[in-house]
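Going in written order, the chains are labelled A, B, C and D, and every chain counts its residues from 1.
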Amino acid sequence: MPNQPNIPKPEAQSRRVGFAVVGLGELSAEELIPALRTSQHAYLAAVVTGELDKGRAFAKAAGLSDADAYTYEQFEELGQRDDVQAVYIVLPNNLHRDYAERAAKLGKHVLCEKPLADTTKDAEAIVKACKGAGVLLMAAYRIQYTPHHWAAKKAVAGGKLGSIKLLDSIHAQVEDDASAWRLSFKQAGGGPLVDVGIYCLNTMRFVTGLEPEWVYAAVHQPKGDTRFKEVEESMSVMLGFPGGLIANMLTSYGAVKTDTLRVLGEAGSVTLDPAFLYVGLDLELSDKAAKTTPQFAAYNQFTLEVDHFAECIQSGKTPYTPGEEGLQDHRIMDAIYQSARSGKRVELEKFSGQDVFRNTDNVPKHIKAQP
Amino acid sequence: MPNQPNIPKPEAQSRRVGFAVVGLGELSAEELIPALRTSQHAYLAAVVTGELDKGRAFAKAAGLSDADAYTYEQFEELGQRDDVQAVYIVLPNNLHRDYAERAAKLGKHVLCEKPLADTTKDAEAIVKACKGAGVLLMAAYRIQYTPHHWAAKKAVAGGKLGSIKLLDSIHAQVEDDASAWRLSFKQAGGGPLVDVGIYCLNTMRFVTGLEPEWVYAAVHQPKGDTRFKEVEESMSVMLGFPGGLIANMLTSYGAVKTDTLRVLGEAGSVTLDPAFLYVGLDLELSDKAAKTTPQFAAYNQFTLEVDHFAECIQSGKTPYTPGEEGLQDHRIMDAIYQSARSGKRVELEKFSGQDVFRNTDNVPKHIKAQP
Amino acid sequence: MPNQPNIPKPEAQSRRVGFAVVGLGELSAEELIPALRTSQHAYLAAVVTGELDKGRAFAKAAGLSDADAYTYEQFEELGQRDDVQAVYIVLPNNLHRDYAERAAKLGKHVLCEKPLADTTKDAEAIVKACKGAGVLLMAAYRIQYTPHHWAAKKAVAGGKLGSIKLLDSIHAQVEDDASAWRLSFKQAGGGPLVDVGIYCLNTMRFVTGLEPEWVYAAVHQPKGDTRFKEVEESMSVMLGFPGGLIANMLTSYGAVKTDTLRVLGEAGSVTLDPAFLYVGLDLELSDKAAKTTPQFAAYNQFTLEVDHFAECIQSGKTPYTPGEEGLQDHRIMDAIYQSARSGKRVELEKFSGQDVFRNTDNVPKHIKAQP
Amino acid sequence: MPNQPNIPKPEAQSRRVGFAVVGLGELSAEELIPALRTSQHAYLAAVVTGELDKGRAFAKAAGLSDADAYTYEQFEELGQRDDVQAVYIVLPNNLHRDYAERAAKLGKHVLCEKPLADTTKDAEAIVKACKGAGVLLMAAYRIQYTPHHWAAKKAVAGGKLGSIKLLDSIHAQVEDDASAWRLSFKQAGGGPLVDVGIYCLNTMRFVTGLEPEWVYAAVHQPKGDTRFKEVEESMSVMLGFPGGLIANMLTSYGAVKTDTLRVLGEAGSVTLDPAFLYVGLDLELSDKAAKTTPQFAAYNQFTLEVDHFAECIQSGKTPYTPGEEGLQDHRIMDAIYQSARSGKRVELEKFSGQDVFRNTDNVPKHIKAQP
């Protein structure tokens, strides 16, 4: 049936990379575990959670056995599991560092949800730990793995838009649950900026291949709203990129779901709206001759992501979004918060080691295959 | 035929207000003179231009006689024309003040293209001159006269969106002609901000009924591009409104035609895209229950505008966008340029006398009549 | 301003073809006379109407003199007007023949609104009269002159859609005025089929370059609705084209404005929706790689049409839609009504002489110039 | 995360209805088994297939044991499984009758994929067998269970469109595999009409609550295309409904995926495009005041369907689409094929017992809950 993702035949399981998913929240249950089930190069080998019962239920539902479920305390037992080559850390941000370091110690490769950590310092520690242990580290941004975002990037690079002049991106959604860990500064390290605004930031960097030189930001944190005692409700950010390119972004936990990206050039534009959803992305490339919406075979963003990391593990290549890529977002977000606090523009230092697409023609296979 | 504007029957010409159009550029030729021909309460009585031949050709084409064409030097002869009650100034910005003051002296009401002038000082002088002469002054913003923008305003005020959290607006287009008066600082008083960015600014003020408290801006003026020797190519502006509401806007003469407005609330959103075109506006109101695109009978924005001013002249009422409304945009644009120069946030002082919709329920008739 | 039609410079008036517009209804007033004013190769030289006062008012508004207005009785006086080379007949369908024959007798070229006549017999007489008098005859279908419909035709011919399998077209609108001549069988010769359904028919023939071999039709003419005493309210038509290609069409005077065309091929599709409006056409070409909406500079459909006929008169070439093209629609519509009456499928005979695009690469200049 | 279906809490498994899925093709693997996993009132209890290994793999993946997998020969062993209350038949059409009769004999309720059978006679036999055995029978059309199609139905019934005048529906897709059982007349009982065109037919009946009185059809079956030796490639069908309402439909296995439904009334219209996909349906309600796209919480069509049947089993109520509803489509499709063969219009007899929505206000719970 035509509205189904076209699932390529998986490799034999003996060849595939076994993953332990650490943390069984909504994202793991609804997206990551199903994605691993349709992966070509990866499979779910174990789950780690706070409640053993819950873990066993997930294991069983995924065709695993009781022995494949671990408590957080039992995490180190994964060291004896040769079939678990990688862990996927899906925990509150402030726990990323602990589990990444423990995984590195066990010699397990680390796929870590975005943001890489709760603070820049912890993000640096994660990068260092993985490097020291000789394991791969990848920040789990989705957008570097989808045909839609790649088509946007290629349109920007391809010259049809002429010089790029302006960027505009919004990512907002309503966070209603005052008790969510995302609203705890200690657990999240920030508000909507680090959770959803990071997509605007990371995607603008990805599609342009450029790093911001300065930022200016304003923040809104309404008094009397119990949800926003510790983190901001909304932020507006202006970013200066090389060559006079200016970008605006808006992010919020207080406004209806909106996720867009516009790139305006002198001869054409790129619009993604929605830009960051798991499904239903809509891309329009516009120039004088036509408005074009490229069509892609259906795909699962999480499957593409875990498959990429599995292939890197198989081949020893650096992932498209190594830890340094995630670290760079932390440095920029630090500058954004600093600007919001001071009311002043903040300059950024040069940084290297970010995503491996920067100024390369390093296009992933499944993207190249697209028409 | 159903795709034609529904033109209401005009009043008898003896009742209608005679206009002299001052300046016969593209806007006058393509939009204003045709609009006056389908007006209910106004009609074209005279034209004023630099070349008498051109003026006579326009007069004839519009069913007038040679005697209805004047040169700029003959402007004062309009004083003898009792049938000319109003002038519509459609000249480079730096000429607005001179003709507004001369018109006021003749006792003619003044409809003046946006921006009201080239500088705040001149804008103030125009307001003063008209007040002193007891003639009406209206800044010719279109957006306060269309059902689309009113539906947006009413949606924002109506409560269905919940609290408004974020605004985002873009108005960009390519200016290719290096010799255009719009690229002369002396004639225009600024670049894309004063010409097209002003729509973002003015419309955000209109739909929210709020005035910005501070602005922050960054500018791009590429060296070596002969078009941008005197004025900016692109600007990004952040605006702080009361209650923590933050707005972003982008404007440019170097990027493809783009004109959008988004208002994001906690329970819904308003999107205009295109937001500022003469025809083809598209409005979407979105909440949990539905995405809704109100349908309106076809209309001509310029006709609605001149009809409103004609009705004010007939009835003695203050126009919806008096000179003070145009003056306020000048004050804000001053602050924007100041911020761009200094790299610092600029606070705005309180100001009153702006558009007469501010915090009122003063909805124009033709809007109320909409379903 | 970017949302204005790009009007090419007109030729000197001495070179241009003078038109007399015969009939001053809404179409003439709102579309044809304005279109002639922005034409490159044509201009309005005279008007013919029932009321001399009305004619003179139109003449004056168009920059003509009282002497350029004629009553229907004075039609033959156009014979003395060398500057009137063509007449544009914009009258109830049953009057087309009379004025076409009279124009031909005066040696004037004939541009005739669609449908060519009220009956096939009259359409044949018009073709014969013009041929006999050596004047050009053109049926005023708009769709053969727009970049949108040409892009649709070229997409069908271009092979990217693969074999064409199915066509679907709808043209409906509400006719509310029970006294309209369009609802009089004597004056119109039929109902929505001959007025709006003819666009579906004619455009399907144009984009495919094929002629139907058989038709089947069903009709709805509600009893008790005073509007539909003489003509049908709604019709559904199935048409068989060569090669097994099947088309459906729906037309109505009783349903909300809807005008669409879909062409489905094995590898792609063409969708026009709206397909027949004067402005705001939307074309989407879809294949596996992309959905594409070609962008065109703004244009006036009626200007393109009269310019084409003027150029044919200047050069002696056959118009793209000669009388035979209009006659062929009459033959097909006869068969459609016959099928609706009998409840049986009706076979069509072969016919030649239709539009000059049929199986040629005869693409108009202004279309070729498109990107 | 907002782009996930909102999955209501399931009942305790002891309360839920156990299903055996009979046939493990793509639809079962990709849609039905996952749907049963997120069902409120149903769960997967067993699978039946031709290859035991395949069955066991599916069972394991779904958290079942080897003992829950059966071969077709072992079908009768389900009789001993009290926990299996229903079977879901997902087999080539010509096998529906056999398995429905065998299931009825075992006292199992029958949910049967559309079309109900390969012939009207077999469809009648299925209805009779289930009635005789006192088990429930439901035809697995999806569209009676989605908020989108219900909103369309309610818009038609609600009066805002005025009288309904015209219907137009298309369902086409490319069938490339010449060996597919869908292209075998023996196995499928017909071509695209019985497989995808049936959606047009069934949905037009659903949204109007009306039964066609006559049909006219034309067929295309290209010689030399090995795919279409036994069944048609394309069909066009005209249907006459009571009150003069006319409908057109097109269906094909030779044209790109297209699935649309339009309902045109005198005051408004309903458009579904896509109309029949598993995900991504787009509904627009249009009247003079607005174009409205109702928004619904994400849902899984198959989950809603199996949940409905499970609830009927729990409560003893007749399903919304009983066997008679499926049987009626067979009768109409027989008439369509007869018309295509004869080239003549075919009248239909009155029939009763179809879907239980016909002329009732019997709106399902999950639909009512929608805003």
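In this section, contacts are C-beta pairs under 8 Å (C-beta built on N, C-alpha and C of every residue); 3 or more make two chains touch, one makes a residue touch a chain.
Source: prediction; values computed, not measured.
For A-C, the equivalent interface among the listed pairs A-B, B-D or C-D is B-D, as over half of the contact pairs agree by residue number.
Of all chains, the one whose CA centroid is most distant from that of subunit D is B. The distance from the centre of subunit A to the centre of subunit B, each centre being the mean of the chain's C-alpha atoms, comes to 43 Å.
Once the centre of each chain is set as its mean CA position, subunit B and subunit D turn out to be 55 Å apart.
Averaging Cα coordinates per chain places subunit A and subunit D 39 Å apart. Within subunit B, residues 286-287 each touch two or more of the remaining chains.
Looking at the complex, you find that subunit B touches subunit C at residues 1-4, 26-27, 30-31, 37, 60-63, 173, 257, 277-280. Put simply, subunit D touches subunit B in their complex at residues 286-295, 371. Interface residues of subunit C facing subunit D in the complex, by the touch rule stated above, are 161, 163, 165-166, 168, 170, 172, 174, 216, 218, 220-222, 233-236, 238, 240, 244-250, 252, 254-256, 258, 262, 264-269, 286-287, 343-345.
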